[in-house]
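Multiple structures are listed underneath, in C-alpha cells.
Shared between the two complexes below is chain A, which has chain B as its partner in the first and chain C in the second.
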Partner chain A sequence: MINIQSLKFSYRPNRPLFEDLSLHLEAGHIYGLLGKNGAGKSTLLKQIAGLLFPDGGTCEVMGHKTAKRQPSFLREIFLVPEEFFLPKISIRSYVAANAPFYPRFDEQAFYSYLKEFAIPQDQQLTNMSYGQKKKVIISFALATNTKVLIMDEPTNGLDIPSKSQFRKVMAAAVTDDKCMVISTHQVRDLDNLIDSIVIIDDHKIIFHQDVGTVTDKLSFKLLAQLDDRLPILYADSSLRGHSVILKNENMEQSKIDMELLFNAILSNRQPIQELFN
Partner chain B sequence: MQPNNVLDFRRLGYYFQYHMLASWKPYLLGAFSIFGLLMLIPAFMLLTDNAPRHLSEVVGVYYFGLFFGGLLFTSMAFNDLSNKEKGSQFLMLPASHFEKFFTIFLVTTVGYLLVYHIASYSALLLLNRASIVRHQAGLLMDWEFLDLQDGHIYIYFAYIFLHAVFLLGAVSFVRLAFIKTLVAILLCIGGFYLVNTLFVWILFGRNTPTPFQNVPFILVGTFGGKFKTDVFIISERMIDSYVFIAKYVLAPVLWTVAYFRLKDKEI
Partner chain C sequence: MEFKDSQAIYLQIADYICEQVLLNKWQPEERIPSVRELAVQLEVNPNTVMRTCELLQQQEIIYNKRGIGYFISNDAVKKIRQFKKDSFITNELPTLFRSMYLLDIDVDELKPYYEKFKKSNFK
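Now for the complex of A and B:
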C-alpha cells in the first residue's frame, strides 16, 4: 500500500536526512513510527502525504506517486499533522465544506466519534481548546474512511482519559483495507494499539517488525535483581526493579514494553537486529 | 471509477464553496475597505474648495485603486502557503492543483474586478449625490477615459500583465510577496536595461548620447550622421510582434509558470 524505495532527502545540501531509505507498509495494520527527535518521523510522513518531494528514489501510495498530489491519491489519504489549522467556522460548516471531497465520508460515524470524545457538536471550532480541536480533526480523519491514515503525534495535547478514548476509536476504525501510520515519541500512548513497529534512526529504517514477532523473539520482564546467567539484551533500572529484555528462548508470552524496546534498539541495536534476521 | 485528476467541475464547485466559506469574511472586509478608500479622497476634495466637477478628475483614484488594490489582493492570494498548517491543509485537500489555481485565478481576476467596479460605481453615485447637495450640480460624467480607442485599453492590458506577474510572485515568495514582487520587477527592468545597453554598445559603439535616448530593444538615438544624430528603429512588423506578445502572450505564459510553481510547492 505504501511503498518507499531508496528514498533520499535532505533539507540542506550535504546534510542528508534520509539515505537509501526503503519501507513497505501493508493494509490492515496500525504502524507505530518511532524515532528520536529530529530523526525524520514528520518528514517521512510528509513524504508519504506528498507535501515533500524525494531528492532520489520513489515514494508511492497505492501506486500513486505522492509528489503529484493527484485528487485520486489525496481522497485516499488523510494526514493529521501535529500542528494543524481549523477555520473560524462551526463543526457542521466544517463538515459541509470538507466532507464532499472524501467519497466514503461517514457523517454518522463522525458525530459518534465526537460523542465518544465528548465534544459539543454545535460549537465554533475557534472556541475550542487545542485538545478539543485535535479530537475534532481525529474524528474527521477517521470518518473520511480513507485507505491511508497518517497521524503525527496525535496524542499530544490530549488529556489522560482522551488518550485511552483515542486508542479505543482507532482500534475500532482499523479494517483489512486500511493502513494507519502513527508517529510519536510518546511510545506508551500507543501501547495495545499498534501492531507493527517501525523505528527510524541514522537516516534509515533500523527496525520494522510486527508486535507478534517481537514478543515471539523477545521477552519483557521486571526483575528484582539482575542475573548474569540470563540472556539479557537490555536492562533499565528503576525504583520498581530492573526492566529487562531477554531472548525468548522458552517461547514465553510477555507484554511488549514499547519504550524499553525503543531504548534497547537505539542503544544496543546489533544483537537485537541479529535475532530478527 | 478513476476520477479526472485535472479538472472535474463538481470538484471545482466544491473547492470554490470551500474557498469562499473560509475567506468570505476577509473578502467582505476588503470590499468595504475599497469602497471606503474610494470615497475618502473624493469626499475630502468635496469638503474643500477643490471639489471635482468632472468624472475625469477622480479617475486617477479609480486607476490607483484598480492597480494598487488588485495587485495587493493578488499578491496575497497564496498567503496560506506561507503558513505550515494552512499550507498543508491547502495542498492536502483532494482537489487538483489546476482546480485550486483556477479558483484563486477567478477570485483575483473576475471576482476582484467585479467587486471593485461595483464598489467604485457605488462610490461615484454617492459622490455625485454629495456634489448635488453641496454645489447644486452633479459631476459631469465624461466617460472618455473608458473609451477603448485612444489607447486607453492598454491600461487594462497592463493590469492583466501585472496581475500575472503578481500572481507568480504570490506563489513564488513565501512572505511579503507584494514587496518582493515589486523588487523583482525593478531588478528585471534593471537587467533588461543592462542587456539592452550591452547590445547598443556592441552594435553602435559608444556613440549613443544618454541612456534615456533609447527605448530598449525598439529605438536607439546615436551621435553622428548628417544631422549629428541618427535614430534607429526596429521594423513595424517587429513592433507589431512586440505588441502582440505584450498583449496576448506574456500574461498567459506567466500564469502557466505560476501554475507549475504551485504544483512544485513543498511544505
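Now for the complex of A and C:
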C-alpha cells in the first residue's frame, strides 16, 4: 500500500534528515510510528501525504508517486496533522466545503463520531478548544473512509475520557482494505491498538515488526531481582523492580511494553535486531 | 475491561470469553459478538481479537460458521474446564501450596473458607 524506497530528504543542505530510508506498509494494519523528537516522524508522514517531496528515491502510495499529487491519490489519503488551522465557519459548512473531495465520505458516520466525542454540532470551529477541534478533525478523517489514514500525535490534547473514545472509534474504523499510520509519543494510550511498530532514528527506519512477532521473540517482565543467568537484553530499574526484556526462550506470551522496547532499541539496538534477522 | 501487564492481550481476551461461558452468560450454540464488536468494546486492534478467536477455535471452544460468525461449541464448558484446570494446577497451585506450607495450613482447614467464598460470590 505504502512503498518508500531509498528516500533521501533534507530541509537544509548538508543536514540530511533521511538517507536511504525504505519502508513498506500494508493494508489491514494500524502502524505505530515511534521516534525521538526531531527524528523525522512528521516529515515522513508529510512525504507519504504528498506534502513534501523526496530529494532522492521514491515514495509511492497505491502505485501513485505522492509528489505528483494526483487527485486519484489525494482522495484516498487523509492526514490529521499535529498542528492545524480551522477557518471561522460552522461544522456543517466545513463538511460542505471539504467532504466533496472524498468520494466515500460518510456524513452519518461523521456525526455519530462527533456524538461519541460529545462535540456540539452547531458551533463555530474557531470557538472550540484545541481538544475539541482535534476531535472534529479526527471524526472527519475517519468519516472520509480513505484507504490511507495518517495521524500525527492524535491523542495529544485529548482529555482522559476521549482517549478511550478514540480507541473505540479506531477499532471500529480499521478494516482489511485500510492502512492506518499513527505517530505518537504517548504509546500507553494506544498500545493495544497498534499492531505493528515502526521506529525511525538515525536518518532511517531501524525497526519494523508486528507485535505478534515481537512477543514471539521477546518476553517482557517485571523482576524483583536481576539474575545473570537470564537472557536479559535490556533492563530498566525503578522502585517497582526491574522491567526487563528477555529473549523469549520458553515460548511465553507476555504483553508488549512499547516504551521499554523503544528505549531498548534506541540504547542497544544490535542484539535485539539480530534476533529478528 | 482492565488489562493486566503480565500476559499477552489476546490471551487475556481468551480468558474473558471463557469466563463468560463458565458464568453461563454466553450459552453453547450461541453466537458471540463479532470480532469488530469485541475490538470496539475492549478498545483493542481487531487483529488481536482475531488471534484470540483462532486460538479458541483451535481449542474447539468456539467454532466458525462461514459468513455468520463465531459460536460457542456444544461442549465448550467441558473443554474450558480441562484447559483451565491444567493451567491452574501447573501455574497457580504451587504458589498457594507454598504459602500453605509456610503458614502450616492443612487442606481441610480451607474448606469452610471455600464454601463461604462460593456463597458470597456465586449464589
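As a convention for this text, the second predicted complex is superposed on the first by the 277 of 277 C-alpha atoms of A that agree within 3 Å, B and C clash if a C-alpha of one lies under 4 Å from a C-alpha of the other, contacts with A are read in each partner's own complex, and residues count from 1 in each chain.
Operating definition for what follows: contacts are C-beta pairs under 8 Å (C-beta built on N, C-alpha and C of every residue); 3 or more make two chains touch, one makes a residue touch a chain.
Computed from a predicted structure; not experimentally measured.
With the C-alpha superposition on chain A as described, chain C and chain B fit side by side in the combined arrangement.
By the touch criterion stated above, A:Cys59 is placed in contact with neither chain B nor chain C.
Across the overlaid pair of complexes, the angle with its corner at the CA centre of chain A and arms to chain B and chain C is 150°, in steps of 10. Of the two partner chains, chain B is the only one that A:Lys46 touches; chain C does not reach it. In the superposed model, A:Val244 makes contact with neither chain B nor chain C.
Applying the stated contact rule after C-alpha superposition, one finds that A:Phe85 touches chain B and leaves chain C untouched.
Residue by residue along chain A, chain B and chain C are tallied for touches, and B comes out ahead.
Of the two partner chains, neither chain B nor chain C is touched by A:Leu25.
Look at A:Arg69: by the touch rule set out above, it reaches chain B but stays clear of chain C.
In the superposed model, A:Tyr102 makes contact with chain B only, not with chain C.
Using the contact criterion defined above for the overlaid structures, shared-chain residue A:Ala172 touches chain C, although it does not reach chain B.
Between chain B and chain C, the minimal CA-CA distance in the chain A superposition rounds to 28 Å. Overlap of the chain B and chain C interfaces on chain A comprises no residues. For chain A in complex with chain B, the touching residues are 46, 49-53, 69-72, 74-75, 77-79, 81, 83-85, 87-89, 93, 96-98, 100-102.
The part of chain C that touches chain A in the complex is made up of residues 3-12, 36, 39-48, 51.
Of all residues in chain A, only 28-30, 164, 167-168, 171-172, 174, 192-195, 212, 215, 222, 253-257 touch chain C in the complex they form.
Of all residues in chain B, only 2-5, 8, 11, 14, 17-18, 21-22, 25, 83-86, 88-89, 91-97, 263-264, 266-267 touch chain A in the complex they form.
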